[in-house]
Structure formats: C-alpha cells, structure tokens
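Just so it is clear, A, B, C and D label the chains in written order, and each chain counts residues from 1 on its own.
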Amino acid sequence: MTKTITLAKALAAVVPGSSVAFGGGGIQRKPMAAARALATADVGDLTLVAMLGGPEVDLLIGAGKVRELQFAFVGFDAFGLAPHFRRAREAGSISVVEYSEATIIAAFEAGAKNLPFLPTRFGLDTDILTTPTAPFRKIACPFSGEELLAVPALRPDVAFIHANIADRHGNAVIIGDGYADPLLLQAAKTVFVTAEKIVDELPDDAATAGGTFLSRLWIDGVIEVPRGAGMTALYPDYRFDLSAVLEYQKRATDSEWFSAWIREQ
Amino acid sequence: MTKTITLAKALAAVVPGSSVAFGGGGIQRKPMAAARALATADVGDLTLVAMLGGPEVDLLIGAGKVRELQFAFVGFDAFGLAPHFRRAREAGSISVVEYSEATIIAAFEAGAKNLPFLPTRFGLDTDILTTPTAPFRKIACPFSGEELLAVPALRPDVAFIHANIADRHGNAVIIGDGYADPLLLQAAKTVFVTAEKIVDELPDDAATAGGTFLSRLWIDGVIEVPRGAGMTALYPDYRFDLSAVLEYQKRATDSEWFSAWIREQ
Amino acid sequence: MTDYSLEELLISRMAKEFRGNAMGVGATILSDLSARLAKALHVPDLFLTTGSRAAADCDVHAKALVDEWTLAASGRMNLSWQEMFHLIAHGKLQIWIGTVQLDQYGASNISVIGPWAKPKAQLVGARGVPDDLWGCDSLCYHIRRHNPRTIVAKVDFVCGRGNEDGGGPARPVRRAKPGLVVTDLGVFDFEGPGDSMRVVSLHPGVTLERVQEKTGFTVHAEGEIPVTPVPTAEELRLIREVIDPHGLRRLESNEGGDELLMDLWQRETGAPVEGRA
Amino acid sequence: MTDYSLEELLISRMAKEFRGNAMGVGATILSDLSARLAKALHVPDLFLTTGSRAAADCDVHAKALVDEWTLAASGRMNLSWQEMFHLIAHGKLQIWIGTVQLDQYGASNISVIGPWAKPKAQLVGARGVPDDLWGCDSLCYHIRRHNPRTIVAKVDFVCGRGNEDGGGPARPVRRAKPGLVVTDLGVFDFEGPGDSMRVVSLHPGVTLERVQEKTGFTVHAEGEIPVTPVPTAEELRLIREVIDPHGLRRLESNEGGDELLMDLWQRETGAPVEGRA
C-alpha cells in the first residue's frame, strides 16, 4: 500500500482556516518546499503552529496567508530575526499565541496521547501566562495540591515534516535533530512528510540507524522533494544556504523581490 | 569519571523499606543477577515495582523480602504463572497495588517529568480503580470537563535495569525491547545498570544503533555482569534457559530446593 | 474438505477481523498467528508487533518461542512502549485477548479468581487489558476451554469492561465494546438482549445444547445458527508451512505441556535441551 | 599578561560556572564556547548539547556555524527534546542565556520590546527561557552591550522570572534564581538589597561610574570591587586553537556582521560563497 503522493495532493488537505504545523527548528530541516508551495496556493486565513519557526513561517506571513501564529520562537537562529514576522507583529496584523518550548511540547504531547490536556511546571511565574491569548490554566495537583499549569492539547489539522529519507509505505527517518517532530507527528490530524528521497525499503545502515524513525502509522502521505528544506540545513545532506538566508533577511520585506522569490521554486 | 561499580556496592543502596524497581518484562531481560544477590542480602520489608514482573519478583517474594508489590503483571509469559507470587497472594502475605501497563507507565512518566501526577484515560471503568490500595483519583479536565484518571508519580528508590552493553561513563544500550525502562530510568531516584559487557566506548555499529540508548545522566552506577539476565532472555546475547524456567516453576515452592537455588549464583 | 485442527479453525476465523494501517498485536500464540495469517492473506499493511516491540512492523515469519531472533531482521522500528500507548490512544490497536473469565456482558478478567483482597487463584494481573479498552474499536477475546468457570454470569474482577452499563457515560472518546469471542465451541458477539452474549456461529459438530450446558448463563441464540467457516486450503497451507511450521499452535491444545515445549525448543534452537528439568 | 579580547575574557569567566554530570547547553555562541572550554579544562564529564540534540554528549570540537557535521562523529546519543525536558525537569541543565533585557531583580526578556499586544520591536519569542526557569539552580545571563536599554529597571515581558517576589510561594520544586550576569562591563549577581543586582567584579579598565551610567537603575556595589580575572594562557590557547580556531566568537563583537559571517562560512566549508547576497 503506497503512501507516495504529490505535493499538490498534500496541499489540497489545507483549506481556509486550517491550522498548519511545520517541523524542524529555526533554520534547520524546515519543510521549505511545502511552505513555498502553500504560499502560492489559493488558501488563506491559516493558523500556523511551530515550536521553533523560521523562514517557513516568515514567508507565509509575508504572503498574507496567516491569521494566527502559535509559537515559542520565530527567527533565523544565529543569523537574526524574521523580517515579515517582525513587521506583522509590530503592525498588529497577525494574532499570536505565545508558548515556551516546553509548553508547546506539552500541548503536542497531550495531542499525541489523545488527551485534552497535560500538566506541567514549565512556564509558571512568567508572562506567557499573562497574554490575552494564553491558552493555559492553573490547576492544583489532585494529590499534593501543588500549583501546576494545565496546557490544552494542540491538534494541528495538517503537519508538514521534512525528513532525509522515506519509504513507499510511509515510514521516514530524520537523521539529525528531531526537534518536536515526533510528538507533532502524533498530535496532528493529517501528516505529510516531504523527503529528499523515497526508496522501496529504508536502509538499515549506520547513517539512518541513529536517527529518529517516524512510523507509517502516523503518516498520511510521503512526497519526494529533493532539496525540500530549501535554504535551511538538512544534516547530513546539505548545509544551509547562507547567502540565500542573508539575502532573504535583507530583501524579504521588499514586496517586488519577495513576490518574485516566492514563485521561484 | 568512571561509573563502574560492584554489585555489592549497588545493593548497599537498598535499605529496609526501600522501593526497588526492575526493568525488562516477563522473562525477557530481567536483572536476575541483581535480584538473586538482593534475595540473599540482609535487607527486607521491600516494596517491589515492576510493570511486567517475572522471576525476579517471584524469587524475592519467595525469599521473604517483599512487603508490597506494585505491578501490572507478574508471570512467566507463555510459560505459566509465578509460583511464589501466587502462593503469597493466595495466603494474603503480601500487599499489592495493581496497575495496568499504561497506568504504571503514566506513573513512571510523571516521575520522569518530575511532576506529582499525570492524567490518563487508560484504566477508567475497570476494577483497578476499585481495589483498596488503588492510588488513582478521578479528575475533570480543566478545559473540557472530561472525566480522566490522575495517576500519581512513582519514584522508586532504586532501579535495576539489565542492558546488553555499557561504557565506563555510565551510558548503556538495550538492543531488544526496551519495555518501560527508559521511563523507569528517569523516574527512579537511584539507577543501576547491570550489563553483559562494559567497554571504554560504546560501539557505533548496526547492532547497537537501533537499540535504546540510556544516558549516563540518569545512571548512578554500571556493573559488568555476564549472563546478568540469568535464565531470562537477552536479545541478541542469549535465549532464555527453558529447562531452568520450567524447573523453577515446578520446584520453587519446595523450600529446600529454593534456598539452594537462591544461593547457586 | 481438508482435515484441520481446532486451533487452525480458530486462527483462520480470528484472522478475518484485522484491518490494515493499524497494529495487530500478538500477545498470545493464537492472536499472534491470526495477525500473521491476516497479513499474509489479505491485510498486507497490517503492522505486526508480534513477540517484541523492538522488532515492530516486521514481515510475516515463522512463529518461534523466542521471536526476536527471527523478527529483528525485518522489523522496521524499535517501537517504544510510550509510543505504543500513543498509538493505542489513537485507536490504532487491534487485539485478540486470551482471557480467563468472560461474562455475559463481555467483561473480561485475567487478574484474579475470587476476591481480589485474598484471591482463590492469583493469575497474572490486569496487564494491558484496562488500557486496550481505551484504544480499540472493540476488544475481541479467545478462550481455550468454554465452560461454566470461564464463561460466567459475572467476572470476579473487571479488566476489560463489558456492556452492563450500556457503554458508560457519554465521553469524547468512546471505550471499546466487547467484540467477537472465539472458544472451542463457537463464535459469539454481544448483540444479544441488553448487549449480552449471542451465538454468531457454532463450530462444526457443536450443538447449541452443548454451548448452553457449558456456559454459566443462558446465551442468546436466534434463528438458524451458521456453522463457523472452516479454514481454506490456502489458509491451512499458510498456517502449516509459513507462519507456524514448528506447530506452536499445539501449545493451545490438549497436547500443550512441558514435553511439547521442550520438543518445540529443540526444533527451534537445534540444540538438545539439557536434562535439568 | 597575554593580550585577549573581551569575548575571550567572557568565555573564560563563563566557563567557571559549569559542574559535571549535567548538561551544558550552548544556545548562543558564547555559551557554547564557554561550555566547551569548561569541558576541555576542568569538567570532563560535562554533557554538551552544542548545536544539535542529535549529537548530544559529544567531545570537545572546534565550533562551527553548522555544528552537526563536526559533532556527529563523537555525539553519544540522539537526545529527543522530550527527554531533554525530562532532564531539565530533574535540574540537569546549566545554561548561559543571551538575553536582550535584564532587570534589577534578574528578570529577563527575549520576546518583545514594548507592549506585547503590539510590540515596538518583536524579538524571537520566549523560547525555552520560561522552561529553563524550572530546571536550573540558577539562570545565568550574558549581554553583549551593557546600556540603559538592556539593563533596565523592569523588563517589558518576563521570560525568566526575577527576585521581585522573593522567589514566589513555597513549592515542592524551587524555581531557578537569577544567577551570574556577564556584560561588556563586568560580572554581576543578585545578592544586593532585596535580591537586586550587585556588582561582583568589573572588567579591567572599567569603573563603577561607567557601570552606573550605563545601567537603567542604581546597581548595588559594596566594598572593594575586584577586577574580573583575565583568561589564563592555557584558556587562551584552548579558545584559539581548540574550541574556536575559526574565530566565531568575533560574531559577538563589533566585528560581527554579514561580511564576517561570509568569511567564516568560507573557512568552514572551503567553498567560495556564491555572490547572491
């Protein structure tokens, strides 16, 4: 039973108002091909979900596709801030729900467990609890009475994860840092994996054996997209494209440059 | 900084009244050498914790070391029931706290997260909630109101886990089924790993790469114990010793045979 | 018609219940063999976790007493128990549970016989049954010997919940209903009055009278009762040549016992068993 | 006395804070280099997760812009983020956070400048700071430019909590206290009146007056204020030859910028950079 599909077919699962999540972190292993395709698709009013957002989030904000962003971080790691995200926030043109890393992981983990919430201690006593959109509630431990934070489950409608390699059954392997992807995978209602390469059977070699295995039982479709992480890095396939990253940061808010860039796929 | 110690030194961490947990499952990868050494040590009144108890639990009950057992299963898998466990329960001579697999995993996971409890849906509507020693409480989800089960954390004082291989830093690899050991490892206050072999550096080969890696940060001591799983199986090092298993089941409650067997290490 | 054993009939019948893109967990020999048969026959994308979580999503192999040695080569992932329970929470589990007691509303018990506080017989504990209850569409059961001590009016300890409360209060996640039951006499479900046990089919040669006599309550039966379909030649070939050439299924028959175990062990390991037992 | 840069002074000072058998997480270049220096010098069992969780518990290597390529060979585990947060929950984290704002009671902010609802400047978001707060003994901070906009009376958004509530209510698990702070002017802690900021040492050539002038509130100072110890020859050798031969630390200096980045990139990859930017 093959789960190999096209990117177009995967994108069709995103409808106006959908919540769409992206794996990877910062400028590492971002599903850039999927995000760029989504930016030119006829669908908007999206809620984006990303623990550590990067250019994929920024370009969708720039393309006007985003109503709300649920995030713990958006940036280009050591290479600076995200231009469209900055501009949109400073203009007040998108809604945001601000998590921390551990609280958004708890939200994914609640989804992965098919539970409505999970308790955590992370985030207590900080201002992520004080924002008008904060989704958290304080609860008391039913045994000890300790004050804890209840984090409601996040169940994104569609998640895109980029992997190094996948098989036709829908299994995939991430060789580098898995970030929150294994939990996002389990929390999302529909999951698409873009992979550099789709093979008949995953190799059982040292390179993939130390990686993060994503089971076909969680995955609805796999799409072969060479260089699917675009200008972000995919260990060990390619480093990030530093000139492209720096150019994007400089020029992204130039609308002419940006609309040409978005289409150049 | 080596974490290599002796079994005697590890056993000294167990004091009267300690809660002691064992990894593995049924008759797979049981820390039998550690359990047999504990059975002849001058320490009793123990609380044993095992998701899937096997001969290690049975022999400690037989040796009169156990006041209370916290468990989801005790048996010899396809090869029958545990003789001392049966006898002790039917005589009412030990206290038991009965979990299911998922609820004891939730208890370990709460411990792993350093939280006082975790919610779950598993176990609802069954009689594990009705026993006089049941540790659970029903709670309402603070968001949806859904009835859930709160499982308090289990934090065993000492855990013994048997692994295929460990390094002197305290890292270890389990090649076969990890059972609940990765979470038990994180929940227990003190963790000892017995391993077939201790090496300077863990090999980075196909055999170990697919296994479960246990980090030195969780582990207080590693002990080299060849055939440390005794008559239970350790993939891929040895199959279980079927004649020994069957003999134990037949003769364990013969006190003369049993006290000779316990000492025959 | 080819000759077949009761175990072969049961495996063939049990195999029909699996669907694809989900786990078929083999916690007992018969459930394991039935999942393997299903995958070999008509559910190629069944996700097997027979024997070991470390060799999950493996291909169909011959069943062994120690499966890891044969399954590891084709196992596609090392499935952690944590992830397994996440899969279960998402309804991706299918299982035939080998139960000790089963009652008229489909509650099951593998923990204790008699009062829990001081049991007449301590069995293995509730194990994963209270969990499977929240991760399956339905819980299917097999019972080796259908008699009034195994098929009872009310179980002594509820591991898997039955229908006596009509499925319990309305909840966002529905608990599994008791599904099919196979015994040495027939196939049953819980579509009788008040969701109680009902005869689905009787094995060749078994009468309804014998079932009633061997059951601790009155089993509902309606209309013409079909005969349980017997295994096809292809099913028998797969069972005998592919998934169970050593004959582990005999452990579930009257042949079961230490001698058969030792014999299977010798076949499997090639080594003569030491004369310790 | 050997010549040294400010960054080298900071790395040397920061390295002194690590203890063994716990993680030293390098989320910024300076924190990463300081953890590597600590491991190379005096904390051999420091658990590094520099650059990538997939190459965790690696040996000391030369820092690179893309660390995975160099660290993977010696990384001992693929540390999942879930397990990382379990380790953090058990207090096994040590981190120097590069903060944007820090206030007189040690609260930190990397999320927004100005009102959260419509910020004057959107930074990166709270990231892991609200979490580290519950997994460290203390949260240490570094700030590149000490001035009244970075060291402020009160942060605009609390990512890491400060001492203004005396540590908050009594709890079974204590939240981290603000620990040391290093800036381009000196080293500070929060042992001043009411657990407010206090001068620990001033970097060579820096006066207390300059610190007061550059701080958005009055920093507590008492007695003879020591000079921050300067890096030893051995520390400088390790920094320059072992952990940062390419000189990534310069990104934290006034030299930082696209040109330096491109130069480092070329050294690291050996390839000339395409003239796209």
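Note that in this section a contact is a pair of C-beta atoms (placed from the backbone, for glycine too) under 8 Å apart; a residue touches a chain by one contact, two chains touch by 3 or more.
Keep in mind that what you see is a predicted model, and the values were worked out from it rather than measured.
Where touching is counted per the definition, the chains common to subunit B and subunit D are A. The chain pair A-C and the chain pair A-D differ in C-beta contact count, and the higher one is A-D. A separation of 40 Å divides the Cα centre of subunit A from that of subunit C.
Per-chain CA centroids place subunit A at a distance of 27 Å from subunit D.
Computed centre separation for the pair subunit C/subunit D is 57 angstrom, with centres defined by C-alpha atoms.
Between the CA-based centres of subunit A and subunit B the separation comes to 38 Å, rounded to the whole angstrom. Contact of a single residue of subunit D with at least two other chains is seen at positions 78, 85, 89, 172-173.
Of all residues in subunit A, those that touch two or more other chains are 113-116, 121, 144, 146, 182, 210. In terms of which chains touch, the assembly is arranged in some other way, matching none of the line, ring, star or all-to-all patterns.
Pairs of chains meeting the touch criterion: A-B, A-C, A-D, B-C, B-D. Residues 28, 52, 71-75, 78-79, 81, 85-86, 89-90, 92, 98-103, 105, 109, 121-128, 131-132, 144, 146-147, 175-180, 182-183, 210-212, 233, 235-236, 239-240, 242-244, 246-247, 250 of subunit B are the ones that touch subunit C when the two sit in their complex. Residues 1, 112-116, 169, 171, 182, 186, 202, 213, 215-217 of subunit A touch subunit C in their complex. Those residues of subunit A lying in contact with subunit B across their complex are 113-121, 137, 139, 141-144, 146, 148, 150, 152, 204-206, 209-210.
Considering their complex, residues 28-29, 52-54, 65-66, 68-69, 72, 78, 80-82, 85, 88-89, 111-112, 116-131, 133-135, 157-161, 165, 168-169, 171-173, 175, 251, 258, 261-262, 265, 269, 273-277 of subunit D touch subunit A.
If you check the complex, the residues on subunit D that touch subunit B are 20-23, 44-45, 47, 57, 76-79, 83, 85-87, 89-90, 92, 172-173.
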